[in-house]
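Next come the structures, one after another.
Both complexes below contain chain A, partnered by chain B and then by chain C.
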Partner chain A sequence: MMERRGLFLSLSGLLLALVLPLHLFFGFSPASLPGLALSLVHFEVNSYEDAVLLFQRLPRSVIAVYAGSIAAASGFVLQSLVRNPLASPATLGVNSGAALFLVAAALLLDADAAVQGLAALAGAITGFLACLAVARFAGRRNDPRGLSLILSGALVSMLFTGMTNALLLSDPARRADFLSWVTGNINHVYIDRLAMFWWIGAAAVLVLLLLARPLTLILFGEDKAASAGVNVPLVSRAAITAAVLGTGSAVAVCGPIGFVGLVIPHIVRPFAGNNLVHALPASLLCGASACLLADLLAREAFQPFVINTGLVTDLVGGIVFIVIVKRFYLSAGSREAA
Partner chain B sequence: MIKMTRATDGKRVLRLANGLQLGTGNLLAGLFLLLAALTLAAASTGLGLTHTGLSDLVRSLFGENLAGAEDFALWTVRLPRIILGFMVGWAVALSGAMLQSIAKNPLADPGLFGFSQGSMLMIMLLLVLMPAAPKSMVTLAALFGGLSVAALLLWLVGGERSSGLSIVLMGIAVETVLSSFGALLLLYLPTETSIALSEWLAGSLFQANWSIIAFFVPLFAASVVAAFLLGPAMAAYDLGTNMAMALGEPVRQSRPLVLLAAVVLNAAAVTAVGPLIFLGVLAPHIASFLSPAVARARLFLSGLMGGILVIAADALTRSTDGALPLPLGLALTLVGVPLFILTLRLQALRKLQSH
Partner chain C sequence: MLETRQLSAAYGSTAVLSDVSIRFPKGRLTAVVGPNGCGKSSLLKAIMGFLPLTGGDVLLDGEPVAGISRKKLARRIAYLPQECFCPDYMTLGELIELAGYARYSLGGGPTERDRALYRQVLETVGLSDRAGFPVNKLSGGQRQRAWIAMVLAQDTDVVLMDEPVNHLDMKYQFAVLELVRDLVETHGKTVITVLHDLNLTTAFADEVVLLRAGTCIKAGPVAETITSRAIEDVFGLKTQIFPRDGRLVCFPERTGSAGAS
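For the complex of A and B:
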């Protein structure tokens, strides 16, 4: 088992090492590749291709890595703590909350990018809390697997997205600026926002990695964890806050890139197990690769059109969602259990 | 022949000669809601840019001629909006209440099942391919979209498992896929079409006129009959599929029927004003706070509450005097969500006191 985990971790690292250059260099003529690689190393612009690589491709890659890895890590932690295979930043109202608050700050308060980022963080927290509040209304009586949380998350997301849409309509002139962002758009112009917010995501990931061991103990049972000296409420809250804030910062950069956080944990778990000490690094690597691949698909599949990365992840994620429901809730043993 | 007795659970009921029972609590709540709807509607006729209102309306009903602007404001703008708003709210709330019984969950909503998205996507596709499509085609498209989603859901979940949360979860999944297509359309259509469709998505009674009302009235009447006929089945569904079958409810036949009714009601509402998110959850919840009813009474009370909420939301959109362009969906959120939270708090307090 130990070896398999190590193998999987190194394979995910290898995957990222393959996908990243693919994302960077796809589409350039093979002859220009050595020159491009050199310009990447020296960070010099000698030709048009160099400029495209350094000022368009590279920022896109960096944003995709940031958004993908944080979404996947947050998704894994949320799924573990909520004990629900459908939990993720996108399904628990975090993404839509961040998007709503950012748009509201930008359109109603004319806030600059830094305040917009703060608003996104507040929105991420608000979205999650709203989801919890609505789920509480549905009650826990006949709800053995915390499914009401997913329903309320979907409701809250629809509501927030509707409100975002309504806000955008109130200002048709600026609607065009945000419409693309609202659907999750990895774009090189957002690198300024990343430069502003990267430390939030980095801090969130650091906190999650530091808490990986006590979190894993909590997964084995809250009583057991408490008897092993873990402050269960504190660790759970800190981990959820880190996951939610990290996702909020990613939304502030490139808009809601949904469903990487839902899908990746399901790919990682069979190989890396539930132990977060191994699973979190694997999630980070795989999430980054997945987001890079989705972005590559969004960029190249419909040439000459470039579609939004968020749309690709939503589409793929929705289909995986169907598969998960089929597998976890409609398999033979779970009839009427839901 | 009306007798006042007590039902088996000790609640006061009115028993009609043909054996129908009517809980007095539900009756009172229904009357209260009806009164509230009428009061709100009357007050709402006085809201807007033109100075006119109920007194003018009454005078014009008695044959007096109004000045052009006031006549236009009352008869062409406000009344159609109020009447259509009530019927649409009724339809969505009824649809939500039915789905909640099927899913055995108070959070079920036509939007959550993906019906609204299905209808909306079909309407969008139609308007992109045929911008001048007549209203009847739009209605058919909405109906087709909603029904396809329902059929897809039943196929994905499998007929005998189409109860409980599994169908809602599948609905969310389908809704996600559909809304990413919707977002794709919104993003890449020409700006004007995109804004028009977004306005529709945000909900608007702007298109309300008498011909749409004439189209909606038969459906409204049919929904009253459907609520009356399907009501008892709802009570059985609330107990779970096995229990419902044990009680003699032909689940296999009646469940698709209920789904069909929910889809048709919602598709009509989407066609008329756009998807009203959360109304399907709000209205039944607030109604059941007023009077915890089951079966027919629950459906009727939910419908009334839905109508009231939309009338109130419409009044809010007009009371801003055009200073703030407030889409109906947003106004509905502003009206409904505080009420929702308030009733939740009061319910929690009630529970504390009863223990």
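For the complex of A and C:
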């Protein structure tokens, strides 16, 4: 079994090692590949194709890896902590909160990119807290399977998304700048934002990896975790803060890429297990691969059109969402959460 | 040594323990016995700090437990809750490895010494060949031994167990309690366990604490504490108690009416 966990992690790494070059080089003529690889290694531009690779493809890849890995890791941690298989940054109001605050900061306060990023972080936290508050109001304590939390998240997301749309509609002159971003758009121009915020995601991932063991113990129940030496309130708060801020920083870069955070944990769990020591690294790798594949699909599948990555993840994720609901909530003898 | 001094605790406004003072001798197996809802589980939870104390203290070697950090406490006391829940896709080996968390450095893992301990623990509970097996696919008896293995892997001097033989058939009740007995005798651990069955108590425990309605009625060595009068006092049931093969046998009498008080 342990060997299987190691094998899955290696396979996840291998998958990323295959998907990343595919994402970078797909569509170039085979003859130009050696030259392109060389230009990537030396970071030199000698042709138009080199420029496309280094200034369009590479930034896109890096953003996709960032957004996908953080969404998947955050989703896994949120599902563990709120003990709900439908928990994820997208379903708990985190993404929509970050999007609303960023758009509001940009359109109402004329904020620059750095302040927009801060607003997205504040919005991520606000969205999550709003979701918790609505769930508590709806009597979450009497709802052991946590459906009210997910419904509250949906409600908060609808409200925030509606407000975001109202803001965009009220400003015809500038809405074009954000119209694409709010649907989750991995675009090379956002690399400047990534350069500004990458450390937030890196710090978040580091915190989650360091807390992997105590977080796993919390899955056994608060008393059992505490008796094994876990400071449950401190670890839970630190991990939720890291997951929410990490996701907020990804939204600040490329807008809300939904469903990666919901779906990837369900794919990873049967192979890597529920122990976050193994599952978190696997989620990071698989989330990155999933986002790269979604972006590749968005870029190449509907040529000559390039659609938004967020649309692809929403489409695929929506279908998987239904499968999860059926498996955990609607089928007879459905399984316990997480 | 672990002791409670005038311990009182409450769930919200409902008092569950009042003025409980007990000393749990080192290196002995103490059974906590009493009717349903008398505060047995609450006593263990109050010792662990999972219940807000409304008065009194829990002392571990003279030091108030409330002042010890979770991580330090976990190196001295292990606790087995009444109902254990294991997440899916978790192997026995992973379970055991998590138990040693309090000894690991931040982000670090088990040392070679820890791993040797885990192998030995699995051997002790007879599950050496099950390390790679998902915990939720073990049989009931194996799973209960797995939880005991998790407690052992924590490698503490004091072990608290809340009804470790619940839901087990007679064979496994004895197997598990023999194992617990072995912890005390060969490993010198101090074990405090909630038990429901008086005959299991007299067969395995050194000391007994009799609780009724949140107060300690009587505590001390089994032979002196378990008497017909004490059992009638605690359970409201007439019971003959007689020695047989070096231990006490409890034989409750029928009351003869379904609605007896």
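General remarks:
In this text, the second predicted complex is superposed on the first by the 331 of 338 C-alpha atoms of A that agree within 3 Å, B and C clash if a C-alpha of one lies under 4 Å from a C-alpha of the other, contacts with A are read in each partner's own complex, and residues count from 1 in each chain.
The rule is short, and it goes like this: contacts are C-beta pairs under 8 Å (C-beta built on N, C-alpha and C of every residue); 3 or more make two chains touch, one makes a residue touch a chain.
Here the structure is a predicted model, which is why all the values come from computation and not from measurement.
By the touch criterion defined above, A:226 reaches chain C but does not reach chain B. More chain A residues lie in contact with B than with the other chain of the pair chain B and chain C.
In the superposed pair of complexes, A:308 makes contact with chain B only, with no contact to chain C. Residues 335-336, 338 of chain A lie in contact with chain B in one complex and with chain C in the other.
Contact residues on chain C toward chain A in their complex (touch as defined above): 45, 48-50, 69-75, 77-79, 81, 84-91, 93-94, 98-99, 101-102, 104, 106-107, 109, 131-134, 154.
For chain A in complex with chain C, the residues that touch the partner chain are 1-2, 209-210, 212-214, 216-217, 219-221, 223-224, 226-231, 269-270, 273-275, 277, 335-336, 338. Residue ranges of chain A in contact with chain B, taken from their complex: 86, 91, 133-134, 137-139, 142, 147-148, 150-152, 154-155, 158-159, 161-163, 165-170, 172, 175-176, 179-180, 183, 258-259, 305, 307-308, 310-311, 314-315, 317-319, 321-322, 325-326, 329-330, 334-336, 338. Here chain B touches chain A in the complex through residues 104-109, 111-112, 156-158, 161, 163-166, 168-170, 172-177, 179-181, 183-184, 186-188, 191, 194-195, 198-199, 201-202, 240-242, 277-278, 281, 285, 324-327, 329-330, 333, 337, 341, 344, going by the rule given at the top.
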